[in-house]
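Working notes for the structure below.
In this document, chain identifiers A, B, C and D correspond to the written order of the chains, with residue numbering beginning at 1 in each.
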Amino acid sequence: MKQFRIAIINITGYIGAEVARLLYGHPGVQIISVTGRSEAGKKLGKVMPYLSDIDLVIEAEPREADLIFSSLPHKASAEAIAPLVKKGVKVVDLSADFRLKDAAEYPRWYDFTHPAVELLPKAVYGLTELHRSEVAPASLVANPGCYPTGAILALAPAVKAGLIQPDVIVDSKSGVSGAGRTPSLGTHYAEINESVSAYSLEGHRHIPEIVQELSAFHPDKPVSVTFLPHLVPMTRGILSSCYARLVEGKIAVSQQGIAELRQHYREFYKGEPFVKVVDIPPQTKQAWGSNLCLLHPTIDLRTNRLIVVSCIDNLVKGGAGQAIQNMNLMLGFPETTGLEALPVYP
Amino acid sequence: MKQFRIAIINITGYIGAEVARLLYGHPGVQIISVTGRSEAGKKLGKVMPYLSDIDLVIEAEPREADLIFSSLPHKASAEAIAPLVKKGVKVVDLSADFRLKDAAEYPRWYDFTHPAVELLPKAVYGLTELHRSEVAPASLVANPGCYPTGAILALAPAVKAGLIQPDVIVDSKSGVSGAGRTPSLGTHYAEINESVSAYSLEGHRHIPEIVQELSAFHPDKPVSVTFLPHLVPMTRGILSSCYARLVEGKIAVSQQGIAELRQHYREFYKGEPFVKVVDIPPQTKQAWGSNLCLLHPTIDLRTNRLIVVSCIDNLVKGGAGQAIQNMNLMLGFPETTGLEALPVYP
Amino acid sequence: MKQFRIAIINITGYIGAEVARLLYGHPGVQIISVTGRSEAGKKLGKVMPYLSDIDLVIEAEPREADLIFSSLPHKASAEAIAPLVKKGVKVVDLSADFRLKDAAEYPRWYDFTHPAVELLPKAVYGLTELHRSEVAPASLVANPGCYPTGAILALAPAVKAGLIQPDVIVDSKSGVSGAGRTPSLGTHYAEINESVSAYSLEGHRHIPEIVQELSAFHPDKPVSVTFLPHLVPMTRGILSSCYARLVEGKIAVSQQGIAELRQHYREFYKGEPFVKVVDIPPQTKQAWGSNLCLLHPTIDLRTNRLIVVSCIDNLVKGGAGQAIQNMNLMLGFPETTGLEALPVYP
Amino acid sequence: MKQFRIAIINITGYIGAEVARLLYGHPGVQIISVTGRSEAGKKLGKVMPYLSDIDLVIEAEPREADLIFSSLPHKASAEAIAPLVKKGVKVVDLSADFRLKDAAEYPRWYDFTHPAVELLPKAVYGLTELHRSEVAPASLVANPGCYPTGAILALAPAVKAGLIQPDVIVDSKSGVSGAGRTPSLGTHYAEINESVSAYSLEGHRHIPEIVQELSAFHPDKPVSVTFLPHLVPMTRGILSSCYARLVEGKIAVSQQGIAELRQHYREFYKGEPFVKVVDIPPQTKQAWGSNLCLLHPTIDLRTNRLIVVSCIDNLVKGGAGQAIQNMNLMLGFPETTGLEALPVYP
């Protein structure tokens, strides 16, 4: 039954650990190797007690496997993955290293020259709902960033149908786990609790992903994206509020138009197991611990503006869950395998 | 020394209680009467133990006073206040009842016909920084809503100078105390914790205030305002992220332009004791418990857009603190009296 | 496969909803009916959006089922359940109504005369680890309270082996979901956040359960229990710190004694799938969302005192999870079926 | 008016910063120098924006002052302070270095040999309520630890009157700011949020302080203290639940006895401005930001046990506030000067 062998590179971050948590319940795969540089040699359960039922020792290098997840930081991930991909191992990369098609974007946004440019054309951007047919045969999937996942799913139906002007604002509110597991003053409990802040006002690294994917639906002109992320005092969840001016004449600025807009979104995501278009504005908790993306599109009737609110769990649909959704396609499982659990509420 | 007698109508909500907390340390006034319908007859300290040093019994009706704060709900506040104002009592109203100049807005946004239309022209909108000279001689001050306070202070300098197009988006993130002290599922701990949500997508009641005040700086055409409030899991604080397109040619889209923009904001708020224009993006906690409004204006250089982030404590500058700031002007005290405490951090 | 039909009475509380969440992933049962008085007639997903994948309408009365969970309040539960049990339906009662063997305790602790005294001898106290053999054939299982679950599991090995004097202190810290889903000032976000409080200092209703179960191991003399619960600002989790004087000469007051104590606990819970005796003091989060109970027994070497720290998720092992653990035994499933998910962390 | 010059050594921790925040509002003193090794040379407001109204540059060494607060870590504090005390500067030390009378306790609990043993007899333990007359003339005050403050105030009246057996349990629940401002995995937001944990089960460093102070009231035999601290997900506050067996015949185990007990506590703390004996169990938030200690003594009538619940703000009465209370006595101010603000609620 547990037919495929899986390795996780860098399990000691939150995304790597979340891949392990979710795979533990997957009936068709077996985690056979986990790595983590600073903790190599220790039992996984000593370092992460909540994973103690996974009886493995953290290693320095991954063992041979059928598919490997990498949750290394950017640049390090490309360096570690490139030889594996060349040997024919299937890889889902949770770093940013293969998300951008244009190699020139890496020095610009990530301050490094890409060490494996030749792999960029092979890599598939793993926003499953938009690239399903490419993911299945892929040997290298670039798992999307947490913010782009929620933002692109929120805006793709409107951009593709030409409902909005190609100039969007994405205002995102994220839980703190998105900042990773390395302690810093910026993630120190007493600094973060009872506080909200905006960050990366000079331009966040997730911008080029959002631009790339939305512009693919708008060939005439790239979509302009103002993106502002905020840190809110919670552990998991991203709510993105997306704003854009409606193109005149495309959809009625009325209750009827709102109903049509929702219907359009429902058709766009018809059959999608993880995307729900909801009539009541969602809260991030309704996706907590699950692979769901909840979308609430509406129109500000006073100002002729599209507003779409999207909610995800940043570590699941915004990370480990989507990675497993992609793995399922790559290994031939039903897409929802191992991801069926309902959100945990309250 | 404690020369003026103050009454607080409806002390049993968070805003009324915060007025009491702050006035307790004010050297020139004495709280002589507090009311609260459902708790009348009880010692204040039994109902609100943290106010037990204020040795008063909650009453049904306020006693005669030099100045009265009302934190009744809308409509009830106008009804209670009107006879007091007519008798010549100075009043600071913390409800919405005298904020809007146009009586027709009340049925539209608040579902009631205004019971004291004749007082609307007398009422001064108490955003102190913008209406200081009117506040001092006023007998009726309409204290601004929490969201409008942060939003208007963030945008007024840009609108007045014609730097932006008259079409703004205000995306606000508020702590839960803004929803008041009456329990409901929407403020139930287990529902709110670890969750963010957007609300009032069909149009929040604070919109007409923002429109009214910003449009006063833009006589040709009313300013269009898309306003979306969000609830975040914390008690106090509002961060508003404000977006608008720059008018071409007014300010350079460059680092130099950003520096000029900040300089413009600093001049606009020169000498203001409670408004700080900051170079580092602020967090709401830096205003926690204080009357400060922190503003961080910048330009999204990629998209030619103004972004202003503002932070306040919704119960202080967004409520009780600003009310006392107005009271100080009305009674002839220095504007900062009783409001000098630094924010509480962490 | 989904061979048994299950009904849940009063799904609109957190415990009932958690039973539904967990059963959704159970391969051998099907939820066929859910009730909730005030919400009868509405789609489950309208009332509780996170359960929208369970496609049922809330009803006023449960349909015929193989096993019924009741999460009604006390007294109402006994009244609803009694006729069902008499008809031969298997029932797991999540209220307190069948936990206490002595009918006289009900008027004393719960202010009502028990309406179905004749069922008390039939009811099995469903702390599975201590009563497994009785649970399997039972038709009525009284699911333990959340606090007693953590406290009894923490102390049973020490009491049974006569290691401690029969006089214990249990100091428990609980998340707010334990207070249920009905809004009140005591569960209002702004009152609870950034605050800890003790409650029920005059005696909490869970005391007689703890006394009953621990005294069963100590036939000479009932065990004296001081129990003090505290509310902490989090949604899920109970940490209980248990204190008792060691009986002299039974175990060495030394590091060696601590090792022997842990060994004793490990043997006591040998083979238990949900109880882990851990060497590093646990945090409640390590059980979050799972049916685990983590135990850390130690000795205060300076004062000759046993200390045991236990951690559970109050809604899972302290409620719905343990109820399903019992259901599994009653229906012949492996005890862990549907409860295999790892805790959600962070 | 601002007649005394004050310096703060190591302002860059939470306790040092809190001393500054509170002193800012003190009418009789002026902060003239602040130090912080790693941040020396920077403007205070750059490092701690919420203190930006204090217009000072952080220095490496303190300037000459009338009184100096040290919030250096233990050992470093003694080393820095000793020469200052010898020069005749008044010092309030917020570290542990002068709290214990017995020099042999330092290697045992703090792993260092005391570098200024000769100063130990001169140092006054600054639990103001118990040592007021010694504090006023002191040149060196050892400010108590946060946990001991709440625990000793809770138990002193009972120990002194011989109401309880000299064997107490103190179970404390603390906010995370008590762990300081240095980031670590143990204070990382995502690890701490939604979790409670016990720590220092092998013996916390605050134990000898509690033993020393309580034993001073019980000359025959030292008081035995089991102390277990817990971390709860909030920023500020400590609630301590204290347990002890009653001495038979001293106080009635009845409602009448509880009333007498409270009366005894009220008399013990008669006239104390910062200690309140309350009839309703307190929550930590009722002391938030203030120098209050709330005490709720009661009797567990079922088990003949004293229970006392105490609440403080760990950074104020448990640190900076008490330090200023002591400073007021040392400089001849009324004890409450600068500490009059009500707690911030909610």
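In this section, contacts are C-beta pairs under 8 Å (C-beta built on N, C-alpha and C of every residue); 3 or more make two chains touch, one makes a residue touch a chain.
Just so you know, these numbers come straight off a predicted model, no measurement behind them.
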Intersection of the contact lists for chain C and chain D = A, B
For chain A, which other chain has the most distant CA centre?
-> D
Please report how many Å separate the Cα centroid of chain A from that of chain C, as a whole number.
-> 36
Centroid distance [mean C-alpha coordinates] between chain D and chain A, Å | 46
Residue numbers of chain B (touch at least two other chains) | 14, 175, 177, 181, 190, 193-194, 233-236, 282, 285, 288, 346
Would you pull the chain D residues touching chain B in the complex into a rising list?
-> 14, 17, 21, 24-25, 48-53, 177, 181, 193-194, 235-236, 276, 278, 280, 282, 285-286, 288-289, 340-346
Listed in rising order, chain C residues that touch chain B in their complex are 14, 175-177, 181, 183-185, 187-190, 192-194, 233-235
Touching chain C in the complex, chain D uses residues 167, 169, 171, 173, 175, 190-191, 193-199, 201-203, 207, 224-226, 228, 230, 232-237, 239, 241, 243, 281-285, 288, 296, 298, 300-303, 305, 307, 309, 311, 346
